[in-house]
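First chain A sits with chain B, and in the next complex the same chain sits with chain C.
Our next item is the complex of A and B:
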């Protein structure tokens, strides 16, 4: 047997290491030098808080980690710490987020730049640990920025960029990073952790405009609102911040590429869209699987394309319109649902259709609900139904919405 | 024209797959360490690698069979989940089995150990049993088609309390996708201490590699054919629900279970589960797959106090006869603890079923005793 070789003697160490999405996010929080972390265990946030607690215990960085008694307190802690002037990190998923709703909504209305992980998990009585988007989409209308990561690497990058965008004086809004539960957080993939120096240049110390600190003079935050005095005015502040966020997001990702060297198209990622006749639209971790289905379809002679939304709020409607302008049909791969919505479709489906209102395209919705994992074949089937619809104008059962993973009759 | 079927998704076969079979909580740590190290070693060998774990469709619990997958190959791999593994078939180039009870029946609700394993693959078993005994168990319980490959046995806890290191060393003896150097370097990159590197190297030196050929003609395992209950469209009725439940209780594999799962129309609105009627079994909720130790009742010592029957969380001990129903016993050992006459003793499942003693299992059961079920 050969004598043990030193790594330094090994030819080359790759910059990337296989780490889980949860660990990758924790690395980003460490690099962002967060001051206050509010924790309450729920899968998949547990993995992140465990990793952070370990880092703090090992002396890798300093932060106040506060374990709360519930998700409600957890988000309250983050909100209040942010009001005081700390850079904060928090996260939850599923029913945990639902329980924290009150704090989550006030965080946005108070324009506190909290960054939170939302680990998409089916909203259900105890037990369902499958992946569904409805927990994050509960906060669609709440004034939080919402971005959707594709893999552990992007989850790390998005966390860093989220602080930059959220804390920008033009924005000052809280930011959710949606990571598909299990499929990102519990999968270890090669991740390149950027250097502390690059990150510090990209993301300088947080300077809160009005810290709640006597040293800076007295301030009152989250004052009582009498609708006759202040009402729409406060909403408008959030609205304007959300509108401004578009340009800030573009700037931030451009800057991120300059410092860290990884380039992303800020709002949507398009695959094979140059000559696409039909397009699938989706978000999150299953993008890569969908891409394999699209590439298979291309081999079979179908000009298919794929679009991934990286942000859900602000919704990239302008970019989407542009990229979809030349296709003949759109299929949404949807892990969300809204009971009784127009055409009884998913949340993403109806958002995409609303974005295309000016220049409508035939659109179908393919639903993957209740946390059951789609197989690669399901995406191939979706493309097949969509392609038939575009060619003949007909779908099985003349439906627009398909529950592809359902057992039983899809009525 | 667009064809359905995952066969066109050739990227699945192009990858190198390793599967690690273990049990919830006891093996999560070592299995994740193996997966992490192999993935890092794969990166050092120039292959993009990733890994993930699955608990089938059960939540994480003590003793529940769980799997880690390590995937090496294309940087364009997506999220691949076990359901996708099955149709592809010949997939795994290495299998690591963390205890020998896992050799006994379907290791999980999903598949047998040899399902999806390539010919010529390496199977590493953490056991004190002889390779011939392990091969016999594989043939008896795990074989659904002929298979030949390399079998490596190692008694991993002899080297280190963390069985990960011994298993990795044993794997490398017979598997050449990554080299011993890659793994030792990976351990260093991951900051795992020097002692671990030595352990891996000695297990590598000692591991026993046997060429095995298991022919399906010798022992043909007939799978029971289960018919899917007929469904009558119409308002929901409890009889259809019960038919599905009965069929489900006969399913022996994950494949069958998924096939028989009721369509939505047959499930009660509001997800009501109708529990067993008095004297009936709780069909569809068997817990035997979590058992590593089984209770044996010594009728000569039994004072018929019924405590074991009262305390059994799964109702697996008959009140009248004090017979254990091994389909529903999860092996928690509460009966043995509450028995005032010490008439119940816990023995390893391997000993109960096959009469084999494995020193590696003794170490596992000591851990169960110390830290609880």
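Our next item is the complex of A and C:
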């Protein structure tokens, strides 16, 4: 009989280690037994590669780790290794993602299930270590799956689930896991690392349908075409894969809960939505701060709720429409810009509005741009403006979009 | 390491099997296509081929859903050649080390153009030869322009060639005023590279044998192949091999290899033919005057003093004067 020596074991409390998000993601990559890793330094995602390099140097697991000459090469390396049949890991932040754009895009069009971390960071100029979403949102139209983690634990879980979804034969698309910069990568939190056995059962070996390997005979991949030959059909493949991903994501999270014991609602996380009259919608690490604001408002008698999107692609429009069906107003907490877009709102704002097209709700956008940290009060203020708008139909300056962290006049 | 390399001693020994076959639509007499065929014959069936964008991507397919490759083949982006080779080789090593695939010797050949390797993918190529993957061969097929986009100058276009971005005009008469970049010398400056060579389509066994040596060298390798391009050079389609021969015999293209820290000249033209015998066959040089051609001849002469010095010492030297015609300082690498 097994002798139980720890209180936590006796009480069956999962043992959690306080580790940073960067370390947590590296643990997931190790558990997934990734074969090829391509690295290039840029804050804040670098810590993940540092951790992996150390693990490999110390023999904790085996992988080829390549220090690339650029992010373009980094993503090309991952793409080509994936085509051979290797499980791959890559990542970047800010301008690094922009630099790799071409390679990132063809990876999706080639339907190669590369998994990448986007450690969200403001794009240059000026150089800025702050957090914005625009770097990863550059790829919102490209055929990459994009999920958004709220803390180190979820970043680890999402990484494992990303491999499972991306490599599913019904999908075969690359997958970004977006993490809100240093708020996740550099902050230590208690994290439960699943057992190797559970992960191995949850995540079968990667087997591409047509590996680029002489043992499988000659395949020609991504041959140049005249547009009339298979132009639309090839795009349709990607479209169908993205559509199928919805059911695969639901299955994968259910299965993950069975093996690892942590349950998530796959697409959206809803707080206090049962009787909510106004709702905030956001993604990522600031959810917790938004929740404090919502709970504070509830104490003051405002029926506020909060929704966190866990996926940006595929966008959970159906789930969002349903959960918002009974609210009277929606406020988006948005860390993205889209200059010149409808109402000059952020990317998330206009996606949320598009999702509500069939059942429109009054909606406001609260922008947190340029990387300046929001204060808890900013979220409280957002709710106040939203609540006032719902009651009176009026907003300060009759605006739809508010730059809440801006100093000076928000013209 | 090159002890067991099986070299071809006669053309008859070159295998009849083709891995680059029909189903393409390159121009008649295309030099890069002939090089492709020879490289893959020498590499053999256990090879993965990667193709950066360029004529050897677009002109090898496009019109019909055909593929000329009887080997696993994958496109890579114009600047992605170096990384594509590394990613592919890394995958094989990882899968074999981890017993996810049966261990076996597999060649990875990246066949990229001068635009792809000497310009946009230069940094990636440099990274590619800095890792220690065996049987990873980068072949630069040099048609001396961005041919596929309609013949624009690259950094390997020779001085005096007219291209669509460097036309010879009334004020700017010379056409391309930049000097041809010597990519092989730069590749030889990478301490991890195991084999570096230049080649062209003549003599016939030179290129296939260099491919064999490169793949057996035990590490990453690079071969810079001059490949005449009838469309971009304004030459008749039956001259690809003849132009290759003349490039070597006039000394404008120097056949050499670098292995185990030693430089070796493979062909010494004696007597060296005058460069005009090569230049006068090509429409891209038709605007050059006799004086312009003398500038090239003088420069070639000066350079050859250095190539001979390299042959004598077995060391690499940067061989050219600073601009056409004048004799600058030479630097020993």
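As a convention for this text, the second predicted complex is superposed on the first by the 396 of 411 C-alpha atoms of A that agree within 3 Å, B and C clash if a C-alpha of one lies under 4 Å from a C-alpha of the other, contacts with A are read in each partner's own complex, and residues count from 1 in each chain.
We adopt the following convention: contacts are C-beta pairs under 8 Å (C-beta built on N, C-alpha and C of every residue); 3 or more make two chains touch, one makes a residue touch a chain.
Note that the coordinates shown come from a computational prediction; the quantities given were computed from them, not determined experimentally.
S.K.: Mind checking chain B and chain C on superposed chain A, clash or fit?
M.R.: fit
S.K.: After lining up the shared chain so the two structures overlap, which partner does A:257 touch, if you call chain B first and chain C second: first, second, both or neither?
M.R.: neither
S.K.: Taking the superposition on A as described, I'd like to know which of chain B and chain C A:53 touches: first, second, both or neither.
M.R.: So A:53 meets neither chain B nor chain C here.
S.K.: First (chain B), second (chain C), both or neither: which does A:187 touch?
M.R.: After superposing on A, A:187 lies in contact with chain B but is clear of chain C.
S.K.: Under the stated touch criterion, which partner chain does A:69 make contact with: chain B (first), chain C (second), both, or neither?
M.R.: second
S.K.: Name the contact category of A:98: first (chain B only), second (chain C only), both, or neither.
M.R.: Once the two structures are laid over each other on A, A:98 reaches no partner at all.
S.K.: Go through the superposed model and pick first if A:129 touches only chain B, second if only chain C, both, or neither.
M.R.: first
S.K.: Between chain B (first) and chain C (second), which does A:356 come into contact with in this model arrangement: first, second, both, or neither?
M.R.: Neither: A:356 stays clear of chain B and chain C.
S.K.: Who does A:38 touch here: chain B (first), chain C (second), both, or neither?
M.R.: It touches chain C, and chain B stays clear.
S.K.: Determine the nearest approach in Å between the Cα atoms of chain B and those of chain C after overlaying the two structures.
M.R.: 27
S.K.: For chain B, which residues count as touching chain A in their complex?
M.R.: Interface residues on the chain B side: 1-6, 8-9, 11, 35-36, 39-40, 42-44, 48-53, 59, 75-81, 83-84, 87, 180-181, 184-185, 188-190, 197-198, 201, 204-205, 233, 261-266.
S.K.: For chain C, which residues are in contact with chain A within the complex?
M.R.: Listed in rising order, the residues of chain C that touch chain A are 45-48, 50, 57-58, 60-65, 67, 69-77, 79-80, 82-88, 90-95, 97-98, 100-102, 104, 106, 123-124, 126-127, 131.
S.K.: Would you tell me which residues of chain A are touching chain B in their complex?
M.R.: Contacts found on chain A: 1-2, 4-7, 10, 13-14, 16-18, 127, 129, 183, 186-190, 285-289, 291-293, 296-297, 299-302, 373, 375-377, 380-381, 383-384, 387, 406-409.
S.K.: What residues of chain A sit close enough to touch chain C in their complex?
M.R.: Interface residues on chain A, with respect to chain C: 33, 35-36, 38, 62-64, 66, 68-70, 72-74, 76-86, 102-103, 106, 205, 212-226, 229-230.
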